[in-house]
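Both complexes below contain subunit A, partnered by subunit B and then by subunit C.
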Partner chain A sequence: MKEKAVVQGFANNLDARNRRGVLWHVLFQASTVVGIVALIALMLNIINSAFGYVAYEARVDPDTLAVDGTPIQDQSKDQLVALIHSTLSSGAYNKLDNEKPFADRSLEEVYQLVVERIVRPKVVEVWNLWPSLTQADAIRATVARDHPDAELDFVSWLTTDFVTRPQTSEPLTAGVRTAILGSLWTILFTILLAFPIGVGAAIYLEEYASDNWLNRIIQTNINNLAGVPSIIYGILGLAIFVRALEPLTSGKIFGLVNLTSENGRTVLSAGLTLGLLVLPIIIINAQEAIRAVPRSLRNASFGVGATKWQTVWSHVLPTAMPGILTGTILAISRAIGETAPLVVVGASTAISFDPNSPFSKFTTLPIQIYQWTSRPQDEFRSLAAASILVLLVLLLSLNASAVLLRNRFSRRF
Partner chain B sequence: MAELSLKNQVEKKASAINLRRKPRWGETIIQSLLFFSGFFSIFVTIGIVYELGKEALLFFQMPEVNFLESLTTAKWQPHTGNFGIWPLVNSTLMTTVIAMLIAIPLGMAVAVYLSEYANPRVRNILKPILEVLAGIPTIVYGYFALTFMTPLLREIFGRDVVQIYNTASAGLVMGILILPLITSMTEDALSAVPRSLREAAYGMGATKLEVALQIVVPAALSGIAAAIIIGISRAIGETMIVAVAAGAGPNFTFNPFIGAETITGHIVRISGGDLSYDSIDYNSIFALGLLLFFITLALNIISQAIVRRFREVYE
Partner chain C sequence: MTANNNADRQYVMETRDLDIYYGSFKAVTGVNMKIERNAITAIIGPSGCGKSTLLRAFNRMNELYAGTSIKGQVLFDGEDIYAPQIDPVEVRYRIGMVFQKPNPFPKSIYENIAWTARIHGYRGKMDELVENSLRQAALWDEVKDKLGQSGLSLSGGQQQRLCIARAISIKPEVILMDEPASALDPIATLKIEELMQELKKNYTIVIVTHNMQQAARASDYTAMMMLADRETRSGTVIEFDDTKVIFTNPKDKRTEDYVTGRFG
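Up next is the complex of A and B:
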């Protein structure tokens, strides 16, 4: 009798329970969709800004540059070089000639130079991709009304030129080569510091360390360091690498005093700072890779009389290497995207020359994005969007290579 | 006597074949190098505490600065000699709370969906997407906050209400940033709950939802709590989103639609210019950094302690 009542009760509210189940299921699914929508909105927002119409005016009317009725588009290379020579100051001309002799430049390059340095187009208004596609006629009408002298072009801010040009203050001719090279130089020193020490620490903790208080402290400390905000590392780098070790990081003790780096705010300082930042990540990843190497491999090596280090060097490390490298690449991609510590360490705000030594001043891709984002003008937002695309492509290819490495070389035991 | 000589003989024979370990200097050197690598991280921690502590001490010794006043007043204006910490702390807490309001419910819902509902094929598509979200640099989120979220908020609430720089937009985008972190940690905790617990609940006639919310989630509670605390710690230390979108200038306000600078945002703005050593601005970023370091360290330690204390261990 009582049992029946219980079963009855069970059946009575079964519908309600199932309804609640369906409701929550939809809720869970909706949350997941919200996350995906956020990612899509992020990507679309960037693409939206990276392409679109640009209206620009020439600061110097190209018609006035025509020689004997020949517009500059149709002039020969010699005529254009002569034009550059007569218009620019001799210092600026010689500097251009030093960068790449005019004799070696193609007609197209020289024409580009004339546009950049003499005609100097100035952006008057920028439209994003969406309005450019849907309201092209309205945009043309606006430009014809407000800026009768302006030319209207549909541009992609992300071009191969954008990647290979140095940074300038002119939006239409600015590029990210300086920033990309700065990022690469920085990462070089990050790897040089973090990889050997990180792998060494992982080997020590996994192969040598006995379970005593000191080693437990080291392990806990590494886990805690992984959770320290990146900006703290920036402050540490400012105090240690930029200030305390200034003679080293500015190149003074090597007698390399050049005018561009009279202080410690150099590529070297930035790279070492990021090295400290990714060190705990590399250690933790390498530890996992080493832990996955089976005991039997080590025992076999010991059995034939190998020493501890011979075992580690010839058996454990080669087996764990794909995992270690994968973890390192992921850590590197984290370092490439870091902005805050480098702002604190003192990335330069506007440099147009490429870094060429550890003691060069630098800017990096994320720093460049930060600076362009902080400018109120729309054209700089578009430049920021284009450099974000460059950065994301770089990170995506790094991550893809990490995944490939893991799938190609990892062995299961 | 005879016994003794026998022992001597045995010992003599043994010493003929030396079974003692040969000292291997190469091994010793390598081992000490490895130990140094392991110990290096301790130097980093000592470096952080020492450098930050030293400069922060200098900061509090400056005539303009009073430790008690810093803690009790609500105005941070270095140029007029006001160093009340609360405007910075307040806006840090506001962005963090807004971020967690987004990240905790969404992150946990996504984690429950992935771990309990989604079939393996869907999970294999969704998890990489979440990893992509987690791998995007924070400056990109900052750009997103400024060029998408802020205009959206201004469209919804009106341009007079929402300023161009505001903590709401920064907080919301920060929530999206932290979402994958909370999801992946929560999902790990949920997947660690053994199948047998779920099967037992199904055997008792529980629905899928009841199994998920009343069996699996409570069993994984320690891992979930740790995920939330790590998320909070990440939100407090997050820099670029607030530097780009939350506004410049300390502002003591509870209005999320008004610009206000957080601790991290302030550090970035102050150090963005060429900072001269031993100026009051230079020393103040160390004091703020130390505060930030201790807050996040405490949160990380609490999260580790929770995992250790309350973890349910299943065979």
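Up next is the complex of A and C:
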């Protein structure tokens, strides 16, 4: 194209403008790349810890358990049950029998029990995935030299057993079922508290509240509350839910005195505390979504003589719902990863029974991860890595279901 | 300023010394006009002179905009619709409105009308009501096979007729139209104008329009609005008469300048 004739007062600066555009383009792309690299590094780091070689020794030599020269792996179920009966205390034996009668357990399960409770393998050393892949021979040599009795296995710390087993103090048999259930119970109460109250408050502030100084103060404070550090909510939860409302949160007023949780350090307290924590986030996002509903739609509704409530319920809320759910997804993701407030509220660090009511003691996945990472032994870090993967999967599946729900709303018309 | 001198019972609405404020700003000053039953009254005038503001005051839609207030009276069947015992929802039920931009509900064509009827407690045959409303709005033949589709899937002109069908489904006594054809092409505009002539038999229509040919073609009475003076930027009705008089023999020089295109 022929260059445009120079007009008085204008400069031909198209090249300079394009160069500046390219510069910003590169900068924005670079920031995206940095983000992706960080994410990949995080995932690789976790995966690196979650798989690898483990050297372990039996605390009780299995050979000593052989009966008439038959090693335990070849023994019959009755022989194994007899072994359990004679080795464990009668209390422990009865407890196992109560959980699931030995008559109903398969040979496989009984054998597992013998390994867990009698042989009790002990981890002596663990290796991460990268050295396990690249220096397998050196690892084998090290084990043969330092721990001649130890067995070396390549294990995935993340297994279906890991997800379904309760917590124990033995790394090789520990699982996160307790923590997963704790997280789910907690998040259930978080949603039950925060979603209806948050959306209700947002509707009030956007649709009903008049623009006076009191409501402006409330609005400002909600915005500020969204930025309050989570540990402060923990202290609030401790004071209100655990202490002040103890009869409620421990289930006493419902006559459900649970010996394991005579205090308010329960799933209910944790859920309500996290509910308070995410409430401002849900309110602010819901307000944004409600504000984004076009005036023309409200006019249409009022113009045919609808009341304010009919307008809000039939038009404003359905139109705002995808936005409200997006905000809720963000809030739930935040709640499910919170650790600090739950530490203050009193999450248990070592419980092996599943939470089964709002008044159960609880632990959650982030608490479990925090607790395992703070142990000195390497094997617990591998367990923590595996738990992180479980937490990520749990988070993604909760989010996916919320996204599906949101899409159902936005597809209506 | 009355359009003619017939007996009062022919008038369905009347304003008395109506002032409309946005906060402390007086947008419309001293409007006195009577709206005749089963006639089309057009409000014309340059941009920003308060035509839409005046129209919204006729069914209290202006109250949905923060900070608005009025002085004076708006009578509907002789009763002041701004009286404290009057519910604005009731006012909007009896005095319907069609807006500048077509705004069907994001629901099916059927539901657009059915929802409107349901909130007012309609217990009759819904299918019949939907069909009759769409027929009256001259839309039935175009949509009868796709009543389940979204109202937003229609063309602009069809959407506007759906909005009219929605408005008349609850049998209002007056229909206010705020530039209903300004977002439409000439063919759709013509359809809306034909429809207005049809609706006039059963309803009273007040229409705000920028389009002077439209006012001349379609209306029986015309109110000419203009800023009362440059200082206050407050609009008022400077002349209100038979449409023929306004367009052929206006009394006010400003009206003549405006309708002949010498003023804009």
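By our rule, the second predicted complex is superposed on the first by the 361 of 413 C-alpha atoms of A that agree within 3 Å, B and C clash if a C-alpha of one lies under 4 Å from a C-alpha of the other, contacts with A are read in each partner's own complex, and residues count from 1 in each chain.
Just so we're on the same page, contacts are C-beta pairs under 8 Å (C-beta built on N, C-alpha and C of every residue); 3 or more make two chains touch, one makes a residue touch a chain.
All values reported here derive from a predicted model rather than from experimental measurement.
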Margin query: Applying the document's definition of touch, where does A:L27 land relative to subunit B and subunit C: first, second, both, or neither?
Written below: first
Check: When the two structures are laid over each other on chain A, which of subunit B and subunit C touches more residues of subunit A?
Finding: B
Next item on the list: Go through the superposed model and pick first if A:G35 touches only subunit B, second if only subunit C, both, or neither.
Entry: first
Notebook entry, point to check: Touch check for A:A306: first (subunit B), second (subunit C), both, or neither?
Noted result: second
Next item on the list: Could you tell me if A:S374 is touching subunit B, subunit C, both of them or neither one (first, second, both, neither)?
Entry: first
Note to self: Quick one: is A:T339 in contact with subunit B, with subunit C, with both, or with neither? Answer first, second, both or neither.
What the structure shows: first
Check: Where does A:S296 make contact in the superposed view: on subunit B (first), on subunit C (second), on both, or on neither?
Finding: second
Item checked: On subunit A, the residue positions that both subunit B and subunit C contact, one per complex -> 307
Item checked: In the complex with subunit A, residue positions of subunit C that touch it -> 59, 61, 64, 66, 89-90, 92-94, 96-99, 101, 103-108, 115-116, 119-120, 150-152, 163, 166-167, 170
Item checked: Residues on subunit A engaged by subunit B in the complex (per definition of touch) -> 10, 17-18, 20-21, 24-25, 27-29, 31-32, 34-36, 38-39, 41-42, 45-46, 49, 196-201, 203-205, 208-209, 215, 217-218, 220-225, 227-232, 234-236, 238-240, 243, 276, 279-280, 283, 307-309, 333-334, 336-340, 343-344, 346, 349, 366, 369-370, 373-374, 381, 384-385, 388, 391-392, 395, 399
Checklist line | Of subunit B, residues touching subunit A in the complex | finding: 24, 26-27, 30-31, 33-42, 44-45, 47-48, 51-52, 55, 105-106, 109-110, 112-114, 117-118, 126, 129-130, 132-133, 135-144, 146-148, 176, 179-180, 183, 205, 207-210, 213, 230, 233-234, 236-240, 243-244, 264, 267-268, 271-272, 274-275, 277, 285-286, 289, 292-293, 296-297, 299-301, 304
Notebook entry, point to check: In their shared complex, at which residues does subunit A touch subunit C?
Noted result: 211, 296-307, 310, 314-315, 318-319, 412-413
